[in-house]
Structures are given as C-alpha cells and as structure tokens.
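One chain, subunit A, appears in both complexes that follow, with subunit B as partner in the first and subunit C in the second.
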Partner chain A sequence: MEQELQLALSGLLAGFTYALVAVGLTLVFGITRVVNLSHGAFFALGAFVTCSVVQWGGRGFLALPLVFVLSLLLGMGLERWVIRPVRRHHAVVAIVTLAVAIFMEQIFQLVWGPDYQSIPRELPLVGFMGTLVDLQQIAAALVAVVLLLVLFGLLRTRIGMAVRLVAQDPEGAALVGIDVPRVQTVVFGVACGLAAVAGNLTAFAHSIYPAMGRVPLVMALAVVIFGGLGNVHGALVAGLILGLVASGVSFYVSPEWSYITMLLVIAVGLLTRPSGLLGRVGRRD
Partner chain B sequence: MRGRAVLALVGLLALFVLSGCARAPETGLRVGVLAPLTGPFASQGQAMQQSLQLAAEEINRAGGVLGRPVELLFGDSKGTADATRSEALRLIHKEKVNVLLGAYLSEETMAAAEVAAENRVLLMVPVAATNELNARVANEYEKYKYVFRTSYNIDQWAGLMGGFIADMGVSRYAFVGPNIRWNRELAQALRDYLASSGIAPVYEEFYSPKEPALEPIVVALKGKGPGVVVLGDPGQHAINFVKKARDLGLKAPLFSVGGALGDERVARTLPAGGPLYFQAAAWDRTSEEARRFFAAYRERYGYHPVGYADVLARDTLFVLTQAVNKVGSLDVPRLIQTLEQGEFRAACGVYRFDRSHQARWGKGEGLQGMVVEWKDGRAEERWPRI
Partner chain C sequence: MNRAAVLAFVLVVSLLAVVPWLTTDRFLLNLLILANIYTIYVLGWDFLGGLAGHSNGGHALSFGGAAYLSGLLTLAGCPAWTIPALSLFGITLVGALLGWLFRRLDGAYLLLATLAVAEVAHELSLALGFTTPEGYTIGGEGGLPVAPLLAREADWFYGCLFWISLFFLALTVLVLYWIRCSLPGLKIKALAQDAVVAQTVGLNPDRFRVATFAAGTLVGGLAGVLYAQYMGVATPSTLSLEFSFVAMTVSIAGGKGTIIGPAVLSYLLNVLLGWLWVAPVVRLLLYSSVAILAARWFFGRGREA
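== the complex of A and B ==
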C-alpha cells in the first residue's frame, strides 16, 4: 500500500510538470495557431538561469520571477520579429521555431558550456503515511497549480475574453477593435514564461544541459495532442493521466515499457476521441 | 575585352592553385578528430577536445612528431552516424589528415570505421565500447586492419566492474540503465562475469532513454535489497537517478559506469545517503603521467576530468605519436605493424593490442582502470588497491 501511495504521489507530481509545460504550448496553439517547437528551449533557459542563481549563492525559488520575466520578454520578441512575419505559412513557422530551438541550444552551450550541471534541493523530504513526501516537488506542484489557476482566472476576465475571442475568431476580434497581433504576442510571451517556470521548478531534480528541452517538448506535444489541441484544461488532465500511467507501468510492468505505453495511451485516446480528451469535435482549424 | 576576361580567369585559377599549395601540410602529423561537439553528447565531446588540445601541446613542447608539430583538426560527429561519416570524409579528402581519431558513440565509431577502411586511413578509437568493432577486425582483417581501439570493450568493461563487485563481497546486485544496445550488452557481460563468482542479479531493468520514470525503479529496488546497484548510464539520467534514489531512501551502494557521475562539480550537488562509486579508466594514483595530466587539466579548465573520454582520448594521441616516432614515417602498413607489435606507455598504463586490435585491459594486463568513491564531494580511489 505504501508503495502504491508513493507511486501515485510521484506520478501526480510528474504530471503537474508535464501539464505546466504543455499548458503554455496549447495556449499558444489555441491563440496563434502556431506549434512552437522552441518551447522546450525556454524550459531549458529557466533551468539554466536558476542554476546560475543557485551557483552565485541565491535561492532557486527566488529566481522564479526572473526566469518568468526574462522568458516573457524573449518570447514576445520572438513572436513579434521572427514568427509574425511568417505566421501564415504553417510549415515555415514550424521550421522557424525549430531553428530557434537549435539556436538557443547553441547559445546555452556557449554561455553555460556543454557539461551536465546540477543543483542541490533546498527543501527536505518528510515522512507521511509511510511514504516520503518531497516538499520541493510539492512546492513546485503548488506553484504550478497557482499559476494555472491564475491563468484560468484571467481567461474569464475582460482581457481573457479578448484572448478567447482571438482564439475563436481572429478576424471577428479585429473587427470589434481588439489588437489581435498584440494579444498574440503577449500570449506567446506568457507561454514561454510558463515553460521557463517549469524549468525553474524542476531544476533541482534533473541534470541541466543545453539539449535538456527536447524531451519536455516532445512530452508536452504529446500531452497537448492527447488533451485536445488548444484546450488548456485538456492539457492539465492529460498531463496528470500520463504521469500516472508512466509511473504505474514502470513499476508493475517494466520501466522500458513506460514511455511506449504513454504513446500507446495517446494513440488509443486519439483513435477513440480524435479531437483529444477534452477537445471539441468540429472545432475550427 | 575577351582577352582580359581570359587573363582574369587564368589569374584566378593561378591564385586558387597557389593557395592550395600554400595550404599543403607543413606539420608532421595531421590528426582528424571526430567528437560530438554539439548535441546531447557535447559534454563528452568537449572533454575529448580539451584533453587532446592539452596532449598536442605537451607533445609539441617535447619536439612533436618526426621533429614537426602535431596538428589537430576537429570534426563534429553530433552523436550521429551520418554526421560522423560526412565529417570523416571531409577530414580525409579536404583536410588531408593522416589519421582519424574518434568517435564517441559506438554508432558513430562504426560509421568512422567504414570510412577508414574504405579510404585505408588509420582510425584510433578512444571511447566506443561495442564488441562488434573487434569482431570486424578479427573476421575481415584485410579490410578493417586500419582500426585500433585503446579504450576497453564491453567484455573488458564488465570484467573491470565485475572485479570490484566481487571484491566488495556482495552476493546480489542490481543493474539499471537506459534501454540501448550498449547497455544490454554490458548487463549481459556483467552477468556472465559475475556468475563464476556466484553473484547473481536480483533486479535488472532498462528504462527509456527518452523520459524515464525513475521513482518506480527506486521503489522496486528498495524491495529487492541488492548489495550494490550498477548504474549503466553515463549520461544525464544517472544524475537524476542518484537524486531520486537517495531522496527516496535507497541506501545501497551505487556503482556508476562513469561519465556524468565522475564530474566533481556534479558530485558536490548530490544528496548523501549511501556510498557512490564510479568506474574510470584512470585517476590520480594510476600513474605519475595520469597525475600530471589531471593536474594540468584542472589548472587549464578549473575542474578534474571524469577519467574516461578525456584521459582515453589523450592517451590515444600519445600511443599514436609514439608509434609514428618509432616508425620514423607516416607509412600506414608499417604503422599498423608497429601498433600490433609494440608497447606504448601513457597515463592509463601500458597499451598493447591483441589480434583484433583491441588494447588489453584487465587484471594482470598493463591497463586496469580504477574505481573511485565520492565522499563529501571528494574523490577517493578505492580499487584496485595500489
């Protein structure tokens, strides 16, 4: 029973991380119709900046506002000057964002070097009902939940309505006076900021290296597709499900089956619900 | 007008030819180095590059090769066979290197071996461990006789690690690592080696190299109670695994194949909770030459190398230059003969090659490797006892 509890806890906490990365990606797709392949590089940026702050004697959590603002500004600049000029050509956008990811990896290598880096945890583990609860992971999940709640709350405000209108009908939004390009730029920046925050929150648990953003990107893409493209709630639910599946299969079947089972779950999910877990059938492309 | 154009064309051609002549090699030995300088394995590629640069400087300070300086030309293998192949061809045909040295991964190295064999260029392999390389040289000697490996192969690696595990006095061990061919081969070789000592695996699992769920593995390991957990991952997940293992209270000794966990900067950040060992080709006490190399590396780059890809790449260049100096020329057949028959002293010990052009590693041979333990962020050499 203790083992099962430990596994469930690990799976849930891993799921929150997937969700935080994926929510940004799905938000960008929902608002701008762009699949941002540089999203993982912002995750890595968050981890690297956190690593530097810790190495300079600071606290990892204190780096959180810094990584968010830095990535927000970088993301807004990227959208405004790199993506906007080619946005109408979907294939070109994908290639451009991939090129940005590779470029950012090279910059990380130049600035931080190619070696694996690591930072120690700042919060301890505590015993709870026979399991070990990682307070740092709990704190990371809480921050992720708070950020997601803030995001969902914002989407229900007047500004959020404008954002949702841009997502549903950009032309209509422009006709009623909404500055569509500006909304798209800000949303893109916020999404990059969320990816960097995920990098910050999990930096203590992983090794940090220039190409570290690739796997979270693939996982986030899988979560986004599984949850329903452009559906923020779907991304959250899909992240949690996949986190639990990976954890369970790894323990009860074999670790080598966990990744492939996750992909299998996604494939079966999409075959039965082609629009994703919470996606709506017949939505506008 | 037409005459001027012809004259200009002739002038350009002359300039092109002359510039080509000016680029003709004036060095004694041009070595084309294949290493992953970008991509997921760039860390190890950079370690190889830095060590080789130090080695070349040392060799050149001592008079170089055949009285001329050694020149290193780097090709980025990027961790893929395709990039390795194209870079090897560029180094041979455009840069006119005399010898290839590299690569890092087995897949890269097999591609480099093909290019070396087709172009009859010597290839010195400093890292890749696959047994297939030896098999090719042994089975198709005439084609692959250009390939020599200084690093240990899978069987030898299992022998080095198994020797330590047997000396630990444990009866049960676990093996965990990414689900890649190299790792499965190592697990099998280790199982075979330890079977003769009556030591059996109680848990053997391979996780996805993409996104492993490590907590379930740690939870399962805690239930199995192995005497030592062998961590067959030289990369980033090894760091994550140690963190998870110690955080979740797994106290069993962890024994890594080396690589990422041999880095003292990483070791300082890992949680305590049980012994952490790693396997290295050499460490400070292996030889006086090793001690000098590690000290020079630390002075130049600010940290201790991990004692694998770095020191092996360095030694490979020393073995090669000793062979060239013995022969007195860059004649390939005579170099092959000299490498096959000679002994070459470097940081890890004395290199001698067997019939499959594999350096002899193991107990009683000139090369035995080292097991090091991290204690409070400091390295302590544990095995073999010197």
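== the complex of A and C ==
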C-alpha cells in the first residue's frame, strides 16, 4: 500500500510538469494549428542551460528566468522566420518542426557533448507517513502549478480573450483589429518558454543528453491527444492521468514500456478518437 | 520520359554498371552499394509522401521492418533463399494494414500516427531479446543476424551485390516513373490534390490509400531486404526517427513526387557524404538545414507545391 501511495504521489507530481509541457503544445495547436515537434527540444534546452548554470556554481532555480526568456525569444524567432511561411501546409510544417528538433539536438551534441550528464538535487528526500517525499519534486510541481494558474488567469483577461478569439476565429479576430500574426508568434514563444521551464524544473531528476526532449514530447503529444487537440483544460487533466499511468508502467514493467505506452496512446488516440477522450467534437477549419 | 531523358538514364546506369570491372576497391563499391540501397528507400517515401500525398512520418518502419523480418525468419530457421521474398511479402502486408488503419487521417495527423508506430517498432527492437536454439541471447542494440544469400567472404561479393542493388534501383526508378505518368498515377495525383473532387468522378480513396501504402512500403522494404543481405544484420538504427526524417528531407529537397529529382539528390548526397567521411552529427545538421530551407523555398507563402 505504501508503495502504491509513493507511486501515486510521484506520478501526480510528475504529471504537473508534463501538464506544463502539454498545455504549451496544445495552446500552440489551438492558436496556430501547428503540431510542434520541436517542443521537446526546448525542454532539453532548458535542462542543458540549467546544467551549465549549476556547473558554473549557480543554483538550478536561478536559471529559470534565463531559460524562459531564452526559449521565448528563440521560439518567437522560430515561429516568425521558419514556421509562418509554410504554415498553410500542415504536413510540411510538421516536418519542418521535426527538422528544427533534429537540428537543435545536433547543436546540443556539438556544444554539450553526446554523453549523459546530471546535476545534484538541491533539496532532500524526507520521510512522511511511511513514504519518501521528494522536496525538489514538490517544489517543481508547485512552480508548475503557479505557472499554470498564471496562464489560466491570463487567458481570462482582456489579452487572453484576444488569444481565445484568435484560436476560435482568426479571420474574425483580424476584423476586430487584433494583430493575429503577432498573437500567434507570442503564444508560440510562450509555449516554448514553458517547455524550457519544465526542463529546468525536472533537470535534477533525469539524465541530460541531446535527445532527452523526445520522451517529454511524446508524453505531451499523448496528453494533448488524450485531452483533446487544442483543449487546454483537457490537457491539464490528461497530464495528471497519464503522469500516473506512466509512473505505474515505468515502475511495474520498465521505463521503456512507459514510453511505448505513450506512443500507443498517440497512435490509437488519433485512430479512434481524434477529438480526444476528454474532448468534444467541435468545429474544425 | 522524353528521348533525351531515356538516353541519359541508360547512359548513367551503364556507366555505373561497369564500375566493378574497373575497380575492386571495397570502399568505393561499399559507397555505391549503400547509395543504391538508400536511394531505393528514399523513392519509397517519394512515391507515398510525394506522389500520393500521404505524409508518412515512419518510413523507416518499411526499411527496418523488412530487415527485422529477415532476422526473425533467420531465427525461425527458414531457408535463406526464401527469406527475402517472405520479408518483402510480410512488410507489404504491414504497409497495407497501416494504410487501411490510418485511412481517415491526413496531413500532420497521419505523419504523427505513422511516426508513433515506427517509434514503437524502434523501441521494441531495442527492448526485446531473443534466444537462439544454441542458447545465445540476441537482439537489443546488437540487432538480429540475417542469413545471407551470397557468401560475404567471396571476392565477387561486393561487385555482385552492387549489380543486384543497381538493377533494383533502375527497376524502381523505371516502375515508379511509369506509374507517375500512367493513368493510375494520374488517379493517385488527383486523390492527393483533392480527394473529394476525385471521389465525385468515381475514385475510391480507401482502396488507393491501401494500395499506395502497400507499394511505398514494398519499395522501402526492398531497400531494407537488400541492406540486411549486405550487412548480414538488422539493427535498431534502421528503424530510427532520424532515418525516416532523412527520406522526407531528400524527397522534399529533390522535388516531392518527381521520382527522378529525389533519386539524383539521394545518390549524390550519399556518395558525397560517404566519400568525405562526414560525421553523423554533421550529416543530420546538414539534412535538417536542407529540410528547413527546402520547405521554405518550395512551400513558402504564395507558393503551391
């Protein structure tokens, strides 16, 4: 029972950081209709920059604003110069984002090397009610929750209304004076920033290597498809559910099977219910 | 093909065919054999993703799947001469099944679903091990051994395999180009451009989807079978995401769906990068840059590919 409780706690906490990655991915899909396969590379960028900051004697959490701003700017540039010109071709834009992911992975390999790296945890593990509680994981989950609350709060403001209008009807949004391309660029950049922040928050828990972004990307894609493409609230709930599932499969079978399970969720989800298990069939352009 | 193009094609194939008589340099022959095989592989994607418009994100499944089927059939004790044909038959069935399963998906969704299936196969190839009748455990990173039809130790091995791979490359180019210009090819292009309009003139998109997936996978599988025969082993890298990505990139940069363009580009790139001993990391940097620039060039705003 203690083992199951430990597993559930760990899965739930991991689910919040996965939700952070997935919410960014689904936000981009909702606003720009782009399936961004380079999202995981920004997660890896966040982890690598954090690793460098720690190696230079800094604290991991202090790197958080740096990785956010760096990824925000890179993401905005990527949307403006690489994705926007080809956005009308849905399959081509997916191939382009895959190309960006592979390009970034090779750059990571050239800059940080191909070997696995790790950083020491800054907060300890403590015993609580018969389970081991990872304070660093709790801190990461708390930051993720705060960021998600800020994001959901922003979506309810006047700026957020403009973003939602662009998602629902870009032509209508343009007619009422909203700068649609600018909104799309900023949202893309923010989503990349959130993925990098998730990479920063979980850098202590994973091995850091050039292709490390693929696992969170697949996890986030599974979450987005499970929660319904473009459905931000669905992504949050699905992130928590699939975080628990991944944690369970990883513990009882093996971490490889956790990855395979998420890949199967993507394939079967697209095949059987493209609107997502938690989503509704809505109007698609 | 007009007369000049036919002459150029015959000349190039003839010039390549005399290479094993001129030299026995194994480095050069290895380079050309791999260029033949990888070009056949790229043509599989160009037919499916370029001509038929079904963006397959997991084309490596056809190549690696056929190689792994050869390995599994070897493990099962099948006679060596049956393995290539059975592997090709098996992988074509897999392709047809994928085409049927994903018949409702298009664009980025189809790319994502096929990519996920290929990644599952890649992860399984890494995770699963097999025990031989002699008690050895094989599989995982090391891959599966494949029973070869030709004796690797023989002096004529490289030359013979070069001719075999060149024959299949020439055959693939001719058949795919013929399909591209034929009535079935026009129907495939019509469905790729506007499936709804094509349906109104009596074309069945599901049937064409299954047929084109089976044909594209067959071509990729042919390359996989040749590779397994050449290397004598099926390894997880043949199923990797990067390998699928390279096929898409070369096809897009060479002229999606034109058959000849991707064939020429793939051949030149493979020979050139192999000749210069370009490291994998630099190759992938080059391929990803080419993909981004080619997509912008061919599909940029205002341009219809």
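Basically, the second predicted complex is superposed on the first by the 254 of 285 C-alpha atoms of A that agree within 3 Å, B and C clash if a C-alpha of one lies under 4 Å from a C-alpha of the other, contacts with A are read in each partner's own complex, and residues count from 1 in each chain.
Following the convention adopted for this analysis, contacts are C-beta pairs under 8 Å (C-beta built on N, C-alpha and C of every residue); 3 or more make two chains touch, one makes a residue touch a chain.
Here the structure is a predicted model, which is why all the values come from computation and not from measurement.
Enquirer: What is the contact status of A:S254 with respect to subunit B (first) and subunit C (second): first, second, both, or neither?
Expert: A:S254 contacts both subunit B and subunit C.
Enquirer: Taking the superposition as given, does A:I266 touch the first partner, subunit B, the second, subunit C, both, or neither?
Expert: second
Enquirer: Looking at A:V218 after the superposition, I want to know if it touches subunit B, subunit C, both of them or none. Which is it: first, second, both, neither?
Expert: After superposition on chain A, A:V218 lies in contact with both partners, subunit B and subunit C.
Enquirer: Should A:L12 be classified as contacting the first partner (subunit B), the second (subunit C), both, or neither?
Expert: neither
Enquirer: Looking at A:V133, would you say it contacts subunit B, subunit C, both, or neither? Reply first, second, both or neither.
Expert: neither
Enquirer: Looking at the overlay, what does A:H89 touch: subunit B (first), subunit C (second), both, or neither?
Expert: After superposition on chain A, A:H89 lies in contact with subunit C alone.
Enquirer: Does subunit B (first) or subunit C (second) touch A:G113, or do both, or does neither?
Expert: It touches subunit B, and subunit C stays clear.
Enquirer: Regarding the shared-chain residue A:I178, is it in contact with subunit B (first), subunit C (second), both, or neither?
Expert: Neither subunit B nor subunit C is touched by A:I178.
Enquirer: Based on the A-chain superposition described above, do subunit B and subunit C contact any of the same residues on subunit A, and if so which?
Expert: 105-106, 109, 114, 214, 218, 254, 256, 259-260
Enquirer: If we count contacts the way the header does, which residues on subunit A are in touch with subunit B in the complex?
Expert: So the residues of subunit A in touch with subunit B come to 3, 6-7, 10-11, 14, 105-106, 109, 113-121, 125, 132, 134, 204-207, 209-212, 214-215, 218-219, 246-251, 254-256, 258-260, 262.
Enquirer: Spell out the part of subunit B that touches subunit A in their complex, as residue ranges.
Expert: Answer in residue numbers: 37-40, 42-43, 45-46, 179, 205-208, 210-213, 215-217, 219-220, 223, 235-240, 243-244, 247-249, 260, 263, 265-266, 269-271.
Enquirer: Please give the residue numbers of subunit A that touch subunit C in the complex, ascending.
Expert: 34-35, 82, 84-86, 88-96, 98-100, 102-103, 105-107, 109-110, 114, 214, 218, 221, 254, 256-257, 259-260, 263-264, 266-267, 270-271, 274
Enquirer: What does subunit C use to touch subunit A in their complex?
Expert: So the residues of subunit C in touch with subunit A come to 49, 55, 57, 101-102, 104-113, 116-117, 119-120, 123-124, 126-127, 241-242, 245, 248-249, 252, 281-282, 284-285, 287-289, 291-292, 295-296, 299-301, 305.
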